[in-house]
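Sharing a structure, written as structure tokens. Questions coming.
Labels run A, B, C, D and E following the written order; every chain starts at residue 1.
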Amino acid sequence: MQIGKVKGSVVATQKDEKLADLKLLVVEVVTHRNEATDRYVVAVDAVDAGPGDVVLFATGSSARQTSLTDNKPCDAVIMAIVDSWDLGGPNVYEKWTDT
Amino acid sequence: MQIGKVKGSVVATQKDEKLADLKLLVVEVVTHRNEATDRYVVAVDAVDAGPGDVVLFATGSSARQTSLTDNKPCDAVIMAIVDSWDLGGPNVYEKWTDT
Amino acid sequence: MQIGKVKGSVVATQKDEKLADLKLLVVEVVTHRNEATDRYVVAVDAVDAGPGDVVLFATGSSARQTSLTDNKPCDAVIMAIVDSWDLGGPNVYEKWTDT
Amino acid sequence: MQIGKVKGSVVATQKDEKLADLKLLVVEVVTHRNEATDRYVVAVDAVDAGPGDVVLFATGSSARQTSLTDNKPCDAVIMAIVDSWDLGGPNVYEKWTDT
Amino acid sequence: MQIGKVKGSVVATQKDEKLADLKLLVVEVVTHRNEATDRYVVAVDAVDAGPGDVVLFATGSSARQTSLTDNKPCDAVIMAIVDSWDLGGPNVYEKWTDT
């Protein structure tokens, strides 16, 4: 998994029928030091995430292992909202102090 | 998933029999800020897309989860045509204003 | 899928028994503008390709979806020989004018 | 598989229900010469690893082949703690001399 | 598949039980012109390879398609020892002249 920040959402009305009702979010990947990168992924939201949330996403076939994405043409899923993480010292990120 | 712009199509008559009748499109990957990149993918079209369309594509085993691509040697599929997306402010891309 | 040019072949006599009789080709990846890159893949040939041919290859689990590669430890397969492709204008590549 | 060093852990209370009780560790990828890189992965711990441990991790569908991660939306798993490795000469890394 | 050179091996006693008895080798990836790269992979050996051997390795779910790696948390496998390869001219590599 990688960590990312939800930046916005994608609207698509003409799509494979299996994708009906799935929320598609634009996630900007961050480093483990919580630095922005230029990489992104469009991921299905399985945990009621929204813009500004820092999240974990899984890719590949693992992205189909939620009840929401099972058997669907989806290669990225947000499967957790991050509260905090550390690298052996103080927290690198804390949801409750994120502004 | 990633966002891309359909640029053209690939013609191939000598191919694995499972690929008969599939439309193969050349998709140039764009950033989440809608900037062109040098990366591309050849994807099977599952949503009647065409040149100029901005699309979502899925890769890997997820590309086989449409009725069109099931059990086929296809590792990329266009599964949605994008109407618009945003990064928390005004839309970065809008199909109806795209020229 | 990506587009590549077949450059040569790999000889390997000591190999997993499932790989017996499979032809292994060295494919140099090209850009969608038909420029050479430094990237390559060794792929199983499922379409009777040979040196000089411009081909499509699929990677990952999708590479096992041909009758030739089913259930085999193969992560790349040539599943089409390219006749031509375009990017919205004249053909970028044409097999019949390739020298 | 790649080699990495466990740096810390991720706390996430709002997550897919299949992820309950899984320990999520931040692993910094190292080169085969045991040099730090800027790449990382968040991996499920299947071997009781902790900060400072040098580990092997597997990604993709292979990350779901432990009893802990089976059928879960997890694309990276720590499946071994490294004791040592070499590149044909003296050990590049030894757990018992790592400080 | 990619081509690599076996450089050494990894020792790991604390590991997922499915990995017992598997030999883990450090493989340095080479280009198709047989140039060293900085990339590596730790792969399970399915063909009795050893340091100095030039090998083919498969990654992802395809790495689990040998009898040795079936259903195991392994994302890379050495499935062939390379005798030689060419790029349309003289051999780029020959095992019998490799020193």
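FYI, contacts are C-beta pairs under 8 Å (C-beta built on N, C-alpha and C of every residue); 3 or more make two chains touch, one makes a residue touch a chain.
Bear in mind the structure is a predicted one, so any value in this text is a computation, not a measurement.
Rotating subunit B by 145 degrees superposes its CA atoms on those of subunit D, with the angle stated to the nearest 5. For the pair subunit A and subunit E, the distance between C-alpha centroids works out to 33 Å.
For the pair subunit C and subunit E, the distance between mean C-alpha positions equals 21 Å.
Subunit B has residues 60-61, 63-64 in contact with two or more other chains. Chain contacts here close into one cycle, and each chain has exactly two touching partners. From subunit B, with the walk directed at subunit C, the chains encountered around the ring are B, C, E, D, A. Those residues of subunit E whose C-beta lies close enough to touch subunit C in the complex are 1-3, 31-32, 46-48, 56, 58-66, 69, 77, 79-88, 92.
By the touch criterion stated above, subunit D contacts subunit A in their complex at residues 7-16, 18-19, 24, 26, 28, 38, 40-43, 51-52, 60-61, 63-64, 71-76.
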